[in-house]
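This is the structure I have questions about; it appears just below.
Chain naming follows the written order as A, B, C, D, E, F, G and H, and within any one chain the residues start at number 1.
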Amino acid sequence: MTKELLKGNVAFAEAAVRNGLQAYFGYPITPQSEALEHFSGRMIELDRVFLQAESEVAAINMVYGAASSGVRVMTSTSGPGLALMAEGLSYIAGSEIPVVVVNMMRGGPGLGNIQPSQADYNFMTKSAGHGNFHPLVLAPANIQEIIDMVGLAFELAEKYRTLVMIAGDGSIGQMMEAAELPPMQEISTARPAWAVTGAVGRAPNLITSLYLGAEKLEKVNIRLQQKLATIEENEIRWQEYETEDAELLLVAYGTVGRICISVLRAARQQGLKVGLLRPQTLWPFPTARINELAAQMQGVLVAEMSAGQMLVDVEHAVAGKTPVRFYGRMGGVIPMSAEILEAVKQVQEEVS
Amino acid sequence: MTKELLKGNVAFAEAAVRNGLQAYFGYPITPQSEALEHFSGRMIELDRVFLQAESEVAAINMVYGAASSGVRVMTSTSGPGLALMAEGLSYIAGSEIPVVVVNMMRGGPGLGNIQPSQADYNFMTKSAGHGNFHPLVLAPANIQEIIDMVGLAFELAEKYRTLVMIAGDGSIGQMMEAAELPPMQEISTARPAWAVTGAVGRAPNLITSLYLGAEKLEKVNIRLQQKLATIEENEIRWQEYETEDAELLLVAYGTVGRICISVLRAARQQGLKVGLLRPQTLWPFPTARINELAAQMQGVLVAEMSAGQMLVDVEHAVAGKTPVRFYGRMGGVIPMSAEILEAVKQVQEEVS
Amino acid sequence: MKHEETIFSGFGGQGALFAGQLLAYTGMAENLYVTWIPSYGPEMRGGTAHCTVIVSAEEIGAPIVQRPSAAVVLNLPSMEKYEPLIKSGGYLVVNESLIDIKSEREDIHVLYLPASDIATELGNPKMANMVLLGAFVTATGLVSLETIAAQLTAHLSGRQQQWLEPNKQALQRGAELVSA
Amino acid sequence: MKHEETIFSGFGGQGALFAGQLLAYTGMAENLYVTWIPSYGPEMRGGTAHCTVIVSAEEIGAPIVQRPSAAVVLNLPSMEKYEPLIKSGGYLVVNESLIDIKSEREDIHVLYLPASDIATELGNPKMANMVLLGAFVTATGLVSLETIAAQLTAHLSGRQQQWLEPNKQALQRGAELVSA
Amino acid sequence: MNTTTQIPENMELVYQYPDSMTKTYTHYCPGCVHGIVHRLVGEVLDELDLREKSIGVAPVGCSVLIYNYFNVDFVEAAHGRAPAMATGLKRTNPDKFIFTYQGDGDLAAIGTAEIIHAANRGELISTVFINNAIYGMTGGQMAPTTLPGMKTTSSPGGRDCKIAGYPIKMSEILAQTEGAAYITREAGTDIRSIRKLKKAIKRAFLTQIEGLGFSCVEVLANCPTNWNMDPWESMLWSKEQMTPYFPLGTYKMREEVKALKV
Amino acid sequence: MNTTTQIPENMELVYQYPDSMTKTYTHYCPGCVHGIVHRLVGEVLDELDLREKSIGVAPVGCSVLIYNYFNVDFVEAAHGRAPAMATGLKRTNPDKFIFTYQGDGDLAAIGTAEIIHAANRGELISTVFINNAIYGMTGGQMAPTTLPGMKTTSSPGGRDCKIAGYPIKMSEILAQTEGAAYITREAGTDIRSIRKLKKAIKRAFLTQIEGLGFSCVEVLANCPTNWNMDPWESMLWSKEQMTPYFPLGTYKMREEVKALKV
Amino acid sequence: MAKGMVIIDVERCKGCGLCTHVCPVNILELSPDTFNAKGYRPVTVTDMDECIGCAACATICPDVVFTVYRQRRQRATATA
Amino acid sequence: MAKGMVIIDVERCKGCGLCTHVCPVNILELSPDTFNAKGYRPVTVTDMDECIGCAACATICPDVVFTVYRQRRQRATATA
């Protein structure tokens, strides 16, 4: 095992390269520009495709084009750029092609600032564009995890022919940690049967999201929903920390999730029986497991860098079994473990 | 009372004109182009501002500019166009200026088709762009209501300095019904104190969503959330039909809401004690009232032209008090009252 | 209680949508509740177009119906599509000039009219829609022919005003054929 | 158990971020867990820059802390900001050349070093960061000076390699000043 | 086709249905130039033996269903984004022939940035650009290329350029970009212009094949339906009214493109 | 300012701090041309007495905080959308003076469509366009105007135009639009060019005031920080390297604009 | 004898009439009385003997209705 | 006597040095030893008597550091 000290943005970019990424299209935006910069050197050096697009609108449509031909392709961005991709993301979902998008969330709404945030949770998990769809969303909490999730993202995207997003929260792009990169993977030259590659010896292929006739489009929608249902069945991922004997459950993801590990340690030291569930997939969400755990808890505390977006999903999961409380910071403020610990104590007091 | 037979798209456009609309910017897209066309004649004729933008991206930013100077302004679009507006909508929300946007939902995702749909519910009520915000969303079910809601939309937008959306479902734009338009209102030449109008005799005004420094932006976010909380307190609207003695509650909005009136009549004729709650605001959602009603119900049936988006909000509202079932059509298929009646009967059977 | 759910259907250009609108205007003029809703597709020519018009003494819920109480069909595909759907006891009004099949249903009223021929005779085959509408309202008594004629005057677009009188005649001819 | 949460802070260009990175590299080389996280703002020059480095024998949760166990401050604003935050028993390492105030806290270890002066003497005032780092690790025993020197060799960028030896000397001088 | 017809022995075939095209009946209105240009594209694909190498990029506009009419792999782009999608395709499939087919709303309004940057990059793609001065598909609204004074459903009083802006000249603009190798404006409205147009399409396609840069053929077209004219009248109107504002001609042709044999 | 200094009686003031500007210390790097152009804008606003009539539109880029430096109403646009926002403002405030201030990433990449259509509409707005061949704010990535071979953080091997596209010439493109009344490319890199630049800004602003159409002044600038040069070196480099690729000069000037007295 | 001949795919014709305006020998007209399955009056040839096989009709037809033949010349013929 | 003079707002100066390159009489230089509050070495005038009041320094200064005076001429003077 050879670990390197890696910055999150560089780590996921290099992981993508080693996972056989064939093309990257993107537009600079803080706090993920180092990824684009890393791709700009590495992809060209490896004789693969790197192109800085004229905008995020163009970038996502370049990705759409490349993905239509069955190659491994991705882009990365942050809030405002993601918003500009909404139309393209919806087309990609409607066309059922595999695409991976990384969103390093920053403070919003609007131009906001460039500090870390988790306020695009709803945008990513509930819609990401018009129509009945949403991506599969992975949420890494450390550098090793974002590296591993890049590989997973491609795998899932291609397995289900679906849109996969990696939801970083700004800080994860900026921080450095020791982590191991995967070995360099050969690029597969094979293209899937559905891809547009020139109609040689077969009927022409078509990549489209247009389905004239309501019944036809309804069928497509039903297929999409079934696909999402299958994903929901198979791909829920999360990590638990000391939940066995816990009486109070922390739920947090990404950077806040790892901060809660510190909270948990401190709380345990003070004799509080705190456990932590850290969702690794934001959609599909570990609803059943949270519901199950809720039964043993005196309360649940959700911590987020948002106004309380995942909170709603946790409330839905807990389904009234135990009180759910929230601690959130916004606008780029990263909550300190001490603040969350305070909130834990408050919940503890309130419920006991 | 002088009613006219009016097409939904023309009705809301003319209603906006009579409500003192000072500027309209838009881009053609089915099924709302008749509105843009109506504006193109009327606004110019009245010496007001009409401009067909080069895209929805430009349109929403023109709206953003005009609204910054404190004039009454709006745009209208449908799914793909709305997706392209996501960035602008987020900026508008962050800048806290009043803007009204009409979305005539069509089948998606992607290009989909141009048949009626309600699949942008999540996009509109949960995010509509990056960051912690979402618009106030009104849902008309008939032509008179869309006319009235245009006036209401301006009022609310200006009262709260917030983004208000009117969620039509395609069919409402296309159908004709008798309705009364409001009288022609004078355009107010007064501009609010916050607007950019030239810094004469006052310090310069600034319209921005940029707040450097996490603490500053957090304050803005807190203010935005408080504003949303106030709206949630004051502006929930819905209509009930025969809920007093109902044992089974239908929840549906827009065109499906009015279809459910027929369902209700037919069900009552067959001796089924069915009631209907039709949300007129999708956000804020009539959660408390549904929760209250749930207590008296044997079951709740949600009907939508989507994969079940409002369903989640209804489930949240019902909070386990009674079973919630769903009947949905997608891709532009409008459910017939007979189908929904069947679903009602099935729920009835299941729960009794 | 008056309540009629009618589908008007034909090729694009045959005026099915306008006939429906005219019925809606007329219903409104007679103080009834009305809704008119078109099918709408990609804006290209040549397809079929239809609309649903509901005229009712009571406030209208669903503006579209699975099984209309009446259908006015201008061409063969429309006949094939809507004839089986009409509710028992309902009306089917057929443009005999272009539709050479007959309904085999015995539970509905079927009116056959050589509408296109009459319209051509009156100067413009596009007025077949008026022939059928005249027949339909006369047979059902849904609204009065006079109100329709008045609404026609009010709602025929500028370019079409030259055809006002022939259109009225077409309505009349249709009406006469069923009252005869 | 080894666990140090250190903030490095100074003007942009003073090398606070690099000093922190070097410590992280060194911690990693010594088989400790490390995290390094910068403050990052609008990419404009002239502001202050700081980073938080955690070096620990145990897996690291929160990568940022409200109250660091140590702070290495290169300029006055950094001193003013972080001096009050250091945990009791912690370390404050001060670039005396540019900071003319003293800490009044008695519950922490404070090291004053004329870092910029020493660095200038060694040929480049930008090496003040190394003087302070050398002093810091020597005082705390967090990592060894040799490992830092090795990591410096490995991670000084191409253009900076000419400054390798002076940098090592700066580390050394800092170390000597505290062990003296 | 009536296959029983006897062909005299002294006759040779001079025109037949292009192989690259399907026999699917098009949804276009009678007399629409979209059909003519489709045919020319089919003929050129045949002549250059490109069918199996091609990936077409469909726009949103009346020609949204173009993929139904070609025996060719196709993708359906978002409105205006065809050049971006084509870029993604070409970069990852450099040995394939990639073309976009776009209307004036698609290319000159919502897709302005994408076409200009594709051209400026010298993207090795070819674009067929149908300028019919109208938004055909959505019901005849004003296009960026609508002529001054022209009535449309969104300029009911006629386009007032002071308010609505001027008809935009895309070929002139694209010609300013470094990466464009061949930019020409042709017409599809009479026999001579159609024959010239076909050559232009062929030259544009060869420009890509030879790796010379971006190529775009603008076609002055018609929209009998939304112009409210009969097809022949619309052809004459296009020639008489559009050509003066949008002069025909080659706006950029690199030396190497000029040297191509078409 | 040291107000205690004694001014000899025979001296007259020839340069002082513009009234339209605040005294706020700018966030720009030392020697950045953004500061020079801000000053010129301030001087012209003063001279034309526009301060109270003006609404500025800020871009996203290094000059995102421009509103802090002017005593003028301002709005902060989304990246690239300043011309659209300005259009919304001007249409609803025709008596106000509306200007945008944009960088090359903002105007020539993500905002390509908006600037071209604003120009083409003859929108009565004025644009100051700072071309520094780089994305300054986000850390020195390649801009659409980055020169061939130039190293940036996203073209670490130097811009390879065959792959990354060619530097885009916006003034040449904007000059092709009907609605543009005055399009010029100036430089902000030496005394002579700065004096000329100020006149150009004044002419551009007057173009709007006189209702003559859209006006845009492109300014060849510098970015010492991301170019990794000291300020003076960057001025020389801008002159030597950028000017050959982006020739200075007036690309479009309507007769009425020429007649303006500046 | 005819210098050329055309075969018409009647069902593809939309009766737009463009071909009738460009035939140099004026032998094309829209059928005055028959309709094709799509409801259009398709083009017909009034006198095939007059056809010169110039393919003007095929060149302008938006719906690829025509197949065109022409008398073989002595020298090689360029295709349309 | 001096033909011109400049007043320097030391605190605004960022020490970029641009003015030092354009002063025709070469009297501007960056302070070799002092710093302003922002930490920059501000510009200083070595010999104000040499100043000709040409305002070149003000013209190039990105940070509006200079106020410039010039000896009144007989004829009216155009401003910079």
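Simple rule for what comes next: a residue touches a chain if its C-beta (ideal position, glycine included) is under 8 Å from a C-beta of that chain, and two chains touch if they have at least 3 such contacts.
All values reported here derive from a predicted model rather than from experimental measurement.
J.: Going by C-alpha centroids, which chain is farthest from chain E? Tell me that one.
T.: D
J.: Which chain is most remote from chain B in terms of Cα centres?
T.: H
J.: More contacting C-beta pairs: B-E or B-F?
T.: More contacting C-beta pairs are found at B-F.
J.: Hey, how far is the Cα centre of chain B from the one of chain C, in Å?
T.: For chain B versus chain C, the centre distance works out to 34 Å.
J.: Can you give the whole-Å distance between the Cα centres of chain A and chain E?
T.: Going by mean C-alpha positions, chain A sits 40 Å from chain E.
J.: For chain E and chain G, what's the span in angstrom between their mean Cα positions?
T.: Chain E and chain G have C-alpha centres separated by 24 Å.
J.: Nearest whole angstrom, what separates the Cα centre of chain F from the Cα centre of chain G?
T.: 60
J.: Can you pull out the residues of chain A that are in contact with at least two other chains?
T.: 30, 51, 54-55, 57, 80, 87, 91, 95, 110-111, 113, 115, 208-210, 212, 334
J.: In chain F, which residues are in touch with two or more of the other chains?
T.: 28-30, 64, 76, 78, 109-110, 112-113, 117, 138-139, 144, 164
J.: What are the residue numbers in chain G that touch two or more other chains?
T.: Residues 38 of chain G touch two or more partner chains.
J.: Quick check: in the complex, which residue numbers of chain F touch chain E?
T.: Of all residues in chain F, those touching chain E are 109-113, 116-117, 120-123, 144, 161-162, 164-169, 172-173, 176-179.
J.: Please name which positions on chain E make contact with chain B in the complex.
T.: Spelled out, the residues of chain E in touch with chain B are 60, 64, 76, 78-80, 105, 109-110, 112, 135, 138-139, 141-142, 144, 153-157, 160, 163-164.
J.: Residues of chain G touching chain E in their complex?
T.: Its residues touching chain E are 1-2, 4-5, 7-9, 11-12, 14-18, 21-22, 38, 40, 53, 55-56, 58-64, 66-72, 77, 79-80.
J.: Help me check something: in the complex, which residues belonging to chain A touch chain F?
T.: 27-30, 33, 36-37, 40-41, 44, 50-52, 54-57, 80, 110-111
J.: Please name which positions on chain E make contact with chain G in the complex.
T.: For chain E paired with chain G, touching residues are 1-2, 5, 7-8, 10-18, 21, 25-26, 28-36, 38-39, 190-191, 194-195, 224, 230-232, 235.
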